[in-house]
Structure formats: C-alpha cells, structure tokens
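What follows is a group of structures, each given as structure tokens.
Shared chain: subunit A. Partners: subunit B in the first complex, subunit C in the second.
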Partner chain A sequence: MTSILSLIARRIFVSVAILVIVSALLFCILRRLPVDPAAMSLPPNATLAEIEAKRHEMGLDLPLFRQYLIWLGQVAYGDLGISIHFRRGVAGLITSTLPATIELAVLAMLIAGALGIAGGLFMFHVRGTAREAVADAGSIALLSLPEFLWGLFFILLFGVALELLPFTGRLSSGFERPVITGFLLLDTLLMRRLDMFWDALKHMILPSLALGLAFSPTIMRVLRSSLIDVYQEDYIHQARLRGLSERRILVHHALKNAILPTLSLMGVQFGFLFGGTLLIEVIYSYPGLGNLMVDAVRNADLPIIQAVGLAYCVVVLAINTVVDALYVVLNPKLRVT
Partner chain B sequence: MGLLVARDLTVSASLDGGRVPVIRDLSFTLKAGKMLGLVGESGAGKSMVGRTVAQLLPSGFAVSGGSLVFSEANLVTMEPEARRALLGREIAFIPQEPLSALNPVLTIRTQFDEHLARIGVAAGDRRPRMLELFDAVHLPHAADLLRRYPHQLSGGMCQRVLIAFAFASKPKLVIADEPTTALDVTIQARIVRLIAEMQERENTAVVFITHDLRLAAQVCDDILVLYAGRAVEYGPARQVFATSGHPYTRCLQLANPAMSGKRRGLYALPERMPGLRAWNGIKGCAFAPRCPNVIEDCTRAMPPLVEVGPNHAAACIRADKTARIAAPALVPAAEPRQTAPVLEVSGLGKRFVAGGLLRRSEVAALSDVGFSLHENEFIGIVGESGSGKSTLARLIVGLETPSQGRIAIAGHDASHPDFDEHRRRHVQMVFQDPQSALNPRRRVASIVTQPLEAAGVATWEERLARADLLLGEIGLPPEAAMRFPQQLSGGQRQRVNIARALCAVPRILIADEIVSGLDVSVQAQLLNLLAALRRERQFSMLFISHDLSVVRHLCDRVLVMYRGEVVESGPTEQVFAAPAHEYTRMLLAAVPPDDPAEVWQGLHA
Partner chain C sequence: MSVTIDRRTALKLGLGTAGSTFLGDLAFAQAKDAVTIGWPSDVPSWDPNQRFTPDAQPIFKLVFDQPLDQNEKLDLIPKLITKWELAADGLSMTVELRDDVTFHNGDKMTAEDFRYTFFERIKAGHKVDTANSWRKVTDIEVTSPTKAVMKFNSPAPTAPQWLAFLGSFMVPKAYMEKVGVEPFREKPVGTGPYKLVEYQLNSRIVLERNDSYWGPKPKLKRITFDIVKDPSARVAAIQSGQVDLTINVPVREVERLKREPTLAAEINPITRVILLQVRNDLGFEDANVRLAAHHAIDKAALSKAFYGGAAVPLSVVATPGTAAYLPDFKFEYSPDMAKAALAKAGFSPEKPAKIKFAATNGHFPSDYDIARAIQQMWQKVGIEAELETIEYAKYFELNRGAKLPEATLYSWDNATGDPEIFTGYLLSPKMPFSAWKGMDVGQKVLDLFEIADYNKRIEGYRALNKIAVEAGATIPLLQSVVTVVRKKTLNYAKYENGWVLASSMDWS
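Then we have the complex of A and B:
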C-alpha cells in the first residue's frame, strides 16, 4: 500500500514539473503567433495609440519571461484569464466542457477495452486455424481506419439511413441540461431522470463507438501476443499437468498475466484517444473541450487555446498515474513488501 | 503387474515433411512404491517420456506405436477428459524449474487452494490440509508462506511447495523431471530425500528424470539409460552402474570427475549425440560413431536389448567388452610457480545499497576476502548461490568497484595510474551463459578476435588468421569461423566463449560456472580442453563452480565461500578429504558418492 502511495506522490511531483514545462512551451509558441490579442479585443476602428494603450494594459509590452510568470501566478490561483472572443472567464468555459470530453473518452476507452479484450481472446482462440488469417486481416483493417472515418460512417448508417440514433449534441431539445457535476450521465442518474440518462447515453453511443473502435485493434493484437507468450510459460504447462481445465487456465492463470502489458498499452492509448476526441466532437457537434478548442483556434483566442492545451495535458498525466498505480496493484512483483 | 507399463512405446515428431521417432520401442515396468530413473544427456528423450504420460506433447509430436498403461488403462488411447481427470489426482508432476512453475501473480494460497479444490477437498478442509502438507514437506511458517507470491520464495522453498502440491492427492504415480537441477547442491540432497520420504509414506511410484548418474544410482531402484530416443540399458540401479552393459553408460560414468580417491583422467566422448533430424538416417547402433568399442557389425543393424545380468539388459552386441573401457591417464599439469603472485587480493569487501530513499540499508555481499593466485595456478571457488562467488569475480575483473580492500594484478594495485589498462590486458572473464554472452549477429571469427578490435590494431585479414589459430586451439573446425553463434551447439558456443577470453593472451582467466548446464560428455571435453590449454599456455585461473567434483578435478587449491566470506581454503584434495569447516562438510555431504554401494551421507543425514 505504501509503495502505491509513494508512487502516486512521486508521479504527482513529476507531473507538476511536466506541466510547468508544457505550459512554458505553449506560452512561448502562442506568443510567437502573428496575432495581436490587444488589437483583437478592441473595435476595428481603434487608433494605434488606443491599441498601444491596450497592449500596455494587458501587459503585452513586458518581456516574454515576465509575461509567463504573471500568467503562471494567475493559473496557480485558478485564474485562466478571459476569453477574447466569448468575453467570459476561461476557467468557467473549461469546467463546463471538460467533463463532457472526459465522459466521452472514458466511455470510448471502455468500449475499446471491451472490444480489444474480446477480439484479443478471439484471435488467440483461433490461432493456428484457418480463421486466424481472417481475424488477422480483420484486425489490420480495423487498425487502418481512423476514428473520424468511423464517425462519418456511423452518421451515415445509423443516423441518416437507419435513423436509429441521434448524432448531434449531448441531449435532445426539450431536456433542461442539469448541472451538478457536469458529467451528464452521472447527473441524470443523480436526479433519477432515467429518460434523460437514456437520451444522453444514446447521444454518446455513436461518437464513443467510433473512437473505441479505432483504438481497439492495437489492444486486441497486444493481448493476443501476450497470451501467446504467457502460454509458453512453465506455469501454464504445470497447470495443465495438475489437470486444470483449459478454461480455468485461461481465466485464472493466463489472462491475469497477459493483461499486464495490455493494461500499460491502454494507459498510453488513452492519451491518444483523448486527443482523438477533438475530431469526433467536431463531427458530432459534441459540446466538449475539442469544439471549444476548434472555436478558439478559429478566433485566435489565445487564453482558451492555452488553457485547453493544459487541460489535455493534465488529463493524460492523471490517467497515466492511475494506470501505473493499477499496474502495481495487479503485478505483485512490483510491490515492495 | 506394474503400475506404469510401457510396451514398445514409440513417439514421433513431424519434421521436414517426414516423421522422426523421438522415442523408439521403449519398454519398462514400474511397480507401486518403486523409483525408476531415466538418465541420459539432453535431447535423448527423457522429458518426452514424462510428457507422454500426460499426453501433453509439443505440437507435431504424437504416439505412433506401442502402449503406455497406467493402472491397467492405456494412456495413449484414453479419452482426453478421462486422462485429464487422472492428472493432479493419480498422476502428479514435480517440475524442473520450481520458480517458473508457479504463477507469478497469484499467492501460494490461491494456487494451492485451486489445486485442492480440483482434487476434491472441501472448502473448509483446505486450509488445515495445506498446513498439514507444508509440515510434511518441512516448510516452516506455513501460515505466512500462504500469503506470499512465488517470487518472494527461494527456489528450494518453491520446490517444496510444488512437492506438497504433487503429494496432496496421494497420487499413485509421481513424475519428477530434473527436480533438483535448478537448485543449489546443498538443497538437492534435501529435496531428493523429501521426494523419497513422501514416496515411502504414500507408497507412490516415481519416475525420476535426471542427467546426474550418481544421484540416480543413489535414489532409484531401477535405471533406464536413454540415447537418441532408445533405451540402451535397463536394470537395477546398482548393477547398471557397477557392471554397465552399454558403453554409453560406462563412458558417462568415466566422464564424471571422481569425488574420492586419486584424480583420474576424464573420458571425453567425442562429438555429440546426433540431432533429431539425423535419427531417421541412423542404421545400426546410434552410439556407434562415438563408441570406443565399435566394430563393423555395430553399424549393420540396430542392436536389441539383451540380458547381461539378472533383470539387466543392454543394447550392445559387445556388452562383454564394456568393462574394458577405461578413463585415459591423467596428464599431470605443470606445478604452479611459487614466484610473486599474479593476483593478490586482501581484505576485499563489497557492500550493496538496498532499498529506496527512506529505508536505506546496506548488504554485505563480500567481506574480508584475501588470497593470492600464482602463475599457472588454478584456484576453485565453491559455495552456494548468494555466497559471493560471482561478486568476487566481478570485483577482480572490474565490473564492480570494491567497498574496501586491495586487488593487485601482477604487482600493480589501484593506486597505480595504469591499473585499469593493466587489468584489461591481463585479466579476462568467461561468462556462464554463452548463449547470452555471444553477440548473435556476429560471426565466430569476429567474436573471438574482439579483443583485437578493442585494441584497434588488426586488419580483418589478421583477425581471420588469429581466429583460425584460436579455433584450432580450442578444438573447433576452421569452417566454424564464419558461423553465427546460434549455428553452434551449447558446448561449441562455450568453446568460442573461452577462445575470446584467450585471444588477448591473458595471464589470469576468470571462469564463472562455465561448465554448468552442459552435458557430462561436453563438460568432460571442456575440462580436458582447459587442462590442455593450461599446459600449453601457462595461465592462471579462478574457476567458480558449484560442482565440487569439477573443482576437485581441475583446481590446485580451493576457496570455500559462505555468506560472502572465505570459510576454508587449501589444496583441493586435502580440503575435500578432511574438511575443517562445518559448511565445507555440508557441501561435501550434499554430493552423491562415486560408488553407488556407498551410503550417501546427505541423503540419510
């Protein structure tokens, strides 16, 4: 137990350092862009003197390093600045969109994990038979299709042609969006509004399936090859010699070992998946971090771009810490006793 | 009627489009309460017999003839489910590698519980049964042990746990496949004793698979010697060893260095057992190409097993001539020169830091070791794993830095400015596992002349010429120069490993367990090679080994190490004949005696 806590403590320490570096990079790159926040926040007919005065007011005439320190100080107090375009606090914008994206990514990861594990088991099961080639080709086909193609395909098939599922937004019109935690599925359950929960879930099925499907084949292939490795191990042979059934050997002996590399892969994958939400959100007009980011880029809304970039970074670091901790829990060799 | 009866059992593998018999016409009878030893070199098919009992053969392998009857039911034709029902209940297995035979992510308790559930022990009775079984296999702190994971136990403890598993169901048959090979010598005797004890208690029949003839002679009732998939000799253990009928059995015995009496030469069988691919092409006796008694008739037809004594048969047409095979005379080595020592070690110690930032502790791996190695002297270093043998070697070669003490090589110690240079030139190390010590992407010629490459002076032509010389010296054909390590056998790889160390013409060679894991015939070849090189090259060697008989054969002096300290040292024969330290006595008692008629102290202590 102590080893897990110390691992988490260590990871948090490292994460803070990473965040400072990433934010500095972001800050410098964005300040180098040929956009002038001062000019943008004034009416088009403002004079050069007015712009200069605004620049001074916004601190843009200070050296870059000073500007960064000031910004960092504000971030430490939870002040992410004011959006140039929306004229609202960036922190508020983030907290209202981040949960939606996390919800989408988590659901997509669950789908990717479930499909990946089921597919991996199937691929392992058919190894050495004629069906192996088919499974192999199938997984490679899956691997080569990116999430946005799935997204578009699902809209056409389930949304437009079959009219089975909704494909825009998070809720149908007519529902009042509750705000308790910001996680829609959780909030609707807390309010005991099952109809609304169901509606929200239906909105999430297509985007999360598109994302999950795109990320499942790697999990499949890694699980398959870890299972093949584990089945070479002595303890599997020994379990057979004790007369255990193949089913029991798979579930109780092989899977528990083969899941370890699969799990660490899923940790890495989650980072990519979280980035992948951006395109999916745009395709499905899903009001999350991705759409906020796209709007911000379109409007050159530097404070938002910066904050969203950081938010992505925080989420990925947090997930990796959780996966590492889980890895220690599942692998007794890493536990110091 | 026996409990396990094989009649003309033949197992074959599909290979290169054809079928090759890996076990051919094997017949034996094992009665309840008896122990049958299967001996032979690696690749002879010993383990395949065990796998055939469970019918868990590698893919492509199948029984192609004969029968294997257990309790009057033919295991070969039995339904797979019926056979699986026998496994773990009536037939149990003790594995070769105890540490890897247990699932690393499950506690001992979970795995034991699963096994007991499988053999039908009610949930409430399982824990008391586990404690009772652990008591039977002499495992203390049973309750604590149950909470542990396999990696937290030593190899010996894991093997006890697995023996407890095996005997939990009071099986009629236990198959022990090299159960002590991966363990320390001192534990070997205890594990063998434990198996014998459990066998007696439950009247179990045991198939004991081993490459160690002395061990088999001590514990088994009957012995079956396998060569290239065939039984070449079968009979009561004492007779098989005392009056061997087959030259192979005799040669294997003569390849083993003696533990008592005068040192004698080792009989090094030439070449090696033919590989599986060649088995189909063998006409006549498979051993003929290596046999010292071979005559033309041997290659005409495969010799049948014929009686050579009561219940004792050998597959040799000249069995009456077998006893004439004798070990070659021992060529005396040049005496070590009592001039200034080439290596002097004094007060040497090494401490390793364990734990993290908070709970930091120091572990002494070596403390106050001192000795001197003279020119042309071979010193053996013996002790169990963890006794500091390898740490000592690594310190001398410079792979680790000592925490205290002094190392002087040819008179220079670390205070000398050119010490490292000096050490590189004079000290070479040969590592234990040639498989991992040789770069698989380099050709042999490039590997053995690596020291020249490091010096950066030789052209490729010069290196090839040098490689040619070296290969001749270590007994490999010149064409081996352009091969890759994986194209060589284990023994040949170890020769390449030695050649590389010799390339730099070192004055001191440090050999860390270089013959362990090799078959006795290959071991004998290598030991003879080292002795010959010593006569020609005049170098000194520190020879680290857990095998006392090898050290006795090769080394002038011996250092006995225990927990990082040298507890006894002196001339090898003297130390082994009259050990002064309790630990040395224990190590010696753990080795089965040369003469199977002699009582093995370690087994009955």
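Then we have the complex of A and C:
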C-alpha cells in the first residue's frame, strides 16, 4: 500500500512538472502562430486603433515570458481565459465538455480491452494452426483502418442501412439531459432513469465501438506475443508437470504475467484513443472536448486550444498514473516493503 | 404478385430483426407538430447581439425578433417596428414600435428596450458585435413608449436594412440589467415565436412554441436542432430519418438524394456571392492584367463542375433579384480577349504575368477546387498564379494589414441584398472587407455612403457595379447556393437569402 501511495505521490509531482513544461511549450507555440488574438476577438470591421487597444487590454504587448506568468497565475486560480469565439469563460466550456469525452473514451477503452484480450487469447489459441494466418490477417486488417473510417462505416451500416442505432448527439430528442456530474451514464443511473440510461448508451455504442475497434488489434497482438513469451518460462513447464489443466495454466499463471505489458500498452493507447475522439466526436456530433477543439482550431480560438491541450495532457497523465499503480498491484516484484 | 427483396432489404430484415430485438425500435418518426433539423453549426452564444454569425441567424430569429424583417423576396417589412422614416440627410431615423409585444418573461417591450439594445448596452461596454454595426449611433431619443429617434454622427442610409440584419435582435433591458449578461446567455429571453427549453453546446437546441406570441403563431410546437457539423453525417441523418430536414449537404449528394422516394432535395441560389477580391497594385497594378484574369474564367464551367450548374454566373457583385443587379450586363468569357489584354501589358503564355492567389479550403463548398480550376484557366492565357491556402479566420487580419495577395477567392454573404453591403463594403477603401484600395472606384463608393435617398443610392450602385467590373476592381464569379434536403411532406418557405426558418414549416 505504501509503495502505491509513494508511487502516486511521485507521479503527481512529476505530472505537475510535465504540465508546466507542456503549458509553456503550448503557450509559446500558440503565441508564435501567425494569428492575432486581438483582431480575432473583434468584429471584421474593427479599426486598427480598436485592435491595438484590444491587444493592450489582453496583455499581448507584454514580453512573452510575462504573458505566460500572468496566464499561469490565472490558471492556478482556475481561470483559463475567455474564449475568442464564444466570449465566455474557457474553464466553463472545458468542464461542460470534458465528462462527455472521458465517458466516451473509457467506454471505447473497455471495448478495445475486451476485444483485444479476447482476440489475443484467440490468436494465441490458434497459433501454429492453419487459422493463425487468418487471425493474423484479420488483426492487420483491423489495424489498418483508422477510427474515423470505422465511424463512417458504422453510421452507414447501423444508422442508415439498418436504422438500428442513433448516431447524433448523446440523447434522443424528448429526454431532458440531467446535469449532475456531467457523466451522462452515471447521471441517468443516479436519477434511476433506466430508459434514459439505455438511450444514452445506445448513442455511445457506435462512436465508442469505432474508437475501440481501431485500438483493439494492437492489444491483441501484444497479448499474443506476451503469452508466447510467458509460455517459454520454466514455471509453465513445471505447471504442466504438476498436471494442471491448460485452461488453469493459462488463466492462473500465464495470463496474469502476460497481461502486464498489455496493461502498460493500454495506458499508452488511452492517450492516443483520447486524441482519436477529435474526429469521432465531429462525425457523431458528440458534444465533447474533441468537438470543442475542432471548433477552436477553425476559429483560431487560442485560449480554448491552449486549455484543451492541457486538459488532454492532464487526462493522459492521470490515466498513466492509474495504470502504473495498477501495475504495482498486479506485479509483486515492484512492491517495496 | 411477386415480392422482390434486394440485398439491402435482406440485410435489413436479417440484421435488423436481430438488432431491434436487442436494441429496441428507434422512434425516428416525428410527431406532426414537431420537427428535427440537422444544422451544420451551433450558435456562438445566446446573446444574439454578440457575434455576427450568418448561420445562426435562422435560429436566433425563432427566439428573438428583429426590429424589421424581410419577406421571401427580401423586401423590408415591419416586425417590431411598424413605421420607420430615415431623414433626408440620413442623420436620424424615426421609428414606431408595436405596443402589443411581450418578452418571454412577460415584460412588455417598449422603446426603452430598443434604446438599450442599440445604444445603451454598447455604451456600457458589452462585448457585442453590434457595437461595430451601430457605431454611428450617437443617441436614441425615446419620445414615447412606442416611439424613438435614432441619431447618427454621419449619414446611415442602410440603417433600416441593418435593423433586419446580423445581430440586430431586440433584448429586454429590465431582465438583462437584473440578471447580467452571463445569466442572460444561460437563460435567454426574447420576444420571438419560440422559447429555448434545452440547450447543449455543440449538440442540441430544443425550442418550444411561445403560445403568447404577438405575431402569427407557427404551426409546429417543438423544434429540435441537432448540431451535425460533418456533411456526410448530415446526409446519413436525413437518409436514416433521424432528422427531417438538413442543409448544406454536398451538391453531388443532392442529386443522389433526389431519387429517394421520401425525400425532396433542392439547390437554392442565395444572396451570397463568390468572387475574387483583387488588389490594385503588385502584379495586378495594370488594369489589363486584371481584366485578362476576368476574361479567362469560364464561370459556367465552374458552376457545372462544382455546383451542378445551379450557381448562376455573375458579371457584377450582386445577385439576381436584388436592387443593383444588372441583368443585361455581361462580362464576356473569352480566352482570346484575355490574351489580347495581357499582350497590351506585355505578357503572353510564353512570358506569363506572375501573381499570387489565395483561397480558403473548406470554408465554402469546393472553394479550393474552384481556385485550382481558375489557376489552370489562367495558365492557358498567360497568367501564372501561385496558389496558397489561407484560413478563413486569417482572412480579415491579412486584409486589414494589406497582406492579401493579388487575388483572393472569397465568399460574401449579404442577407439584405442591399448593394451597399455588396459592392459598397467590398470596394470601400476604408473598410477591412476590401482588398481594393484604389480611390478611382473607392471615392465613388465613399460618395454613395453619404446618399440617404434610396432610389438615388440604388441608381448610383447600379452604375458603380458596371464601372467596378470594367475597371477590374473586382471579379465576381458565381451566385452561391444552399442545399436543402427534407422529407417530402415537410414544407418550408424559400427565402432568397437562404434562410431556412422553422417558424415557416409545416407538415402536409
């Protein structure tokens, strides 16, 4: 327990340092873009004098380092600035959209994990048989299709051709969205509205499946390789000599060890998957952080781009900390007494 | 009797039966007093004075009213204002307001709200784009609860048009002063035919009919806007029945969707002009080169290739049906005339004139493809254009700093159809919309800005439209289009400026 807590404490310390570095980099890069936030904040027919006044008001005439320190000071108080396009607080925009993206990414990761582990076990099971080549080709085919293509394909198949599942928004028209935590599935359960929970889940199936499917083949292939490696270990031979069944060897001995690299990979994959929500959210009109980011890029809304970039960084760091902690729990060798 | 089952139906029957057992039937069908619209963009905020966003106007018009309105032919018509009179010198305008209008919260609308919307909140420093459109207003004198006089610091001949244009929506003074701007955006109150009942950023807007509306009651009780930004997803949404109407789908999809038995698909020309903004210096200093660039463009071919032939080729910066359009004036497409003009400037296909050419990619349908086609047309006559992509968000900044290249492909929206907001704004050397800074044409524009008499002003713009094109100060290309796909039984009013208003919809 102590080792896990100290690991988390260490990770938080490192994460804060990483966040400061990332935020400084983001700040400098965005300020170096050929975009004038002052001009963007005003209507097209604003005069040069008005733009200059706005630039002064926004502190854009100060040295870059001072601008960054002012921004960092504001962030410390939870003030992420004012959106150029929406003209409202960026922090409010982030908090209203982040839960939707986290919910989508977590569900997608669960799907990717389930498919990946099931596929990995299947690929391991068929190794050395004629079916291995088919399984291998299947996983490569899955790997070669990006998530947005899966997204479009699922819309056409399940949305248009079969009319089975909705593919716009988070909830059907007629349901009033509850606002408790922002996590819709959780909120509907807290309200004991199973009908609404089911409706929200149906809206999430296609986007999360598209995301999950695109990320599952890597998990499959890593798990299969890990299992092959683990099966070379002496303790597997000894388990066989002890007369344990193949099923018991796999579940109780091999998988427990082979899952560790897979878990690390899933932690890394979550970062990519979280980034993959950008296009998927636009395609599925899903009101999350990705959709907000795409709008921000289109409108050169620098405060939002900066804040969303940081939000992505925070989420990825948090997930990696959780994965590392889980790694320690699952791997006794890493526990320091 | 024989039943034919195609592969798609068989797939539907098989997977659909299994799927619907698991997932339950989706209730895609709409009630007859409701409609779901797939809209390409969200509102920037629920303060309607805040940002000039043309795509948001049809949504704002449901919740808020404008002082004046336009009919389907774009004539200016009374709305909250019943009478208006612009002074002969254009320095003041007397308006008379309705006395039977209430806001959604029950407050009565008066001339004080009018003064607050167009003067007080601007002076109070609210961050609203209307501060720029109404910057000429020095005061609004309220003479009675239903009468007010707008005072301007210089002639404002298009003040009536602007009362029906971007951002000009009446907001309630008492409510906004009581709750503040931020809470107003969270819970907006207007005088419009619908009330906002649900809003989720970038996802959904749900409106319900305002049964105590002062004007004609809309037929539909509930309007849902699903914000669907991806054009392919909008096509899928209308095809699957998840929405009843959608706009701005690709032209090629319109042709395909026309064949669906339950759908109607249309390409409607609107008051938006696709043009080349040109400079009067650098590689375009010589008028012959500019005119050659214009003669070399086959606009009909562009329309056919990129808009299914629905976009009308233009010879002036005005659309058919608007006041300063010149139906008899045609600027000829002629590669030979282009070559001859270039020869006068000392250029030929062997010794081409070299210019830079900017275009957006994805700001309006096929923009970059049109630019590439123009580049090739120019190459054939002897103009070598280096094409660069610019972000739409950067356009004004570049233009303001005189950093646009010789030619820029641009799309200009003007829901009013008034020539000042077409040619006037696009060629005024003092405004940031114009790349052209030459005073030969520019002074004519500035003179027209001072004329308050409507007929005299329109005559002036009709003359200017021809002069500007013959001087090569602008290269109008096509009238833009909006695509609308809807269920066949859903009716809507077709506005010449492209507005698709849910308040005009009903089911047959």
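Criterion: the second predicted complex is superposed on the first by the 337 of 337 C-alpha atoms of A that agree within 3 Å, B and C clash if a C-alpha of one lies under 4 Å from a C-alpha of the other, contacts with A are read in each partner's own complex, and residues count from 1 in each chain.
The criterion applied here is as follows: contacts are C-beta pairs under 8 Å (C-beta built on N, C-alpha and C of every residue); 3 or more make two chains touch, one makes a residue touch a chain.
Since we're looking at a predicted model, the values are computed, not measured.
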Put subunit B and subunit C onto subunit A via the superposition and say whether they clash or fit.
-> fit
After superposition on the shared chain, which partner residues are touched by A:173: those of subunit B (first), subunit C (second), both, or neither?
-> second
Which of the two partners, first being subunit B and second being subunit C, lies in contact with A:242: first, second, both, or neither?
-> first
Of the two partners subunit B and subunit C, indicate the one touching more residues belonging to subunit A.
-> C
Should A:234 be classified as contacting the first partner (subunit B), the second (subunit C), both, or neither?
-> first
Give one of first, second, both or neither to describe whether A:192 is in contact with subunit B, with subunit C, with both, or with none.
-> neither
For A:32, select first, second, both or neither according to whether it touches subunit B, subunit C, the two together, or no partner.
-> neither
Please work out how little space separates the C-alpha atoms of subunit B and subunit C at their nearest point after superposition, in whole Å.
-> 40
Which parts of subunit A are in contact with subunit B and also with subunit C?
-> none
Given the complex, residues on subunit A that touch subunit B span 6, 233-235, 237-245, 248, 252-253, 256-257, 260, 330-333, 336-337
State the interface residues of subunit C toward subunit A in the complex, per the touch definition above.
-> 8, 11-12, 15-16, 19-20, 23-24, 26-28, 34, 36, 38, 42, 44-45, 50-52, 127, 129, 131-133, 182, 185, 198, 200-204, 206, 224, 226-230, 232-233, 236-237, 239-243, 391-394, 396-397, 400, 431-433
Note: in the complex, subunit B contacts subunit A through residues 54, 56, 84-89, 92-93, 95, 97, 100-107, 114-115, 118, 149, 151-152, 162, 165, 356
For the complex, which residues does subunit A have touching subunit C?
-> 34-36, 39-40, 42-46, 48, 51, 85-88, 93, 96-97, 152, 155-156, 158-173, 176-177, 198, 202, 282-287, 291-292, 294-295, 298-300
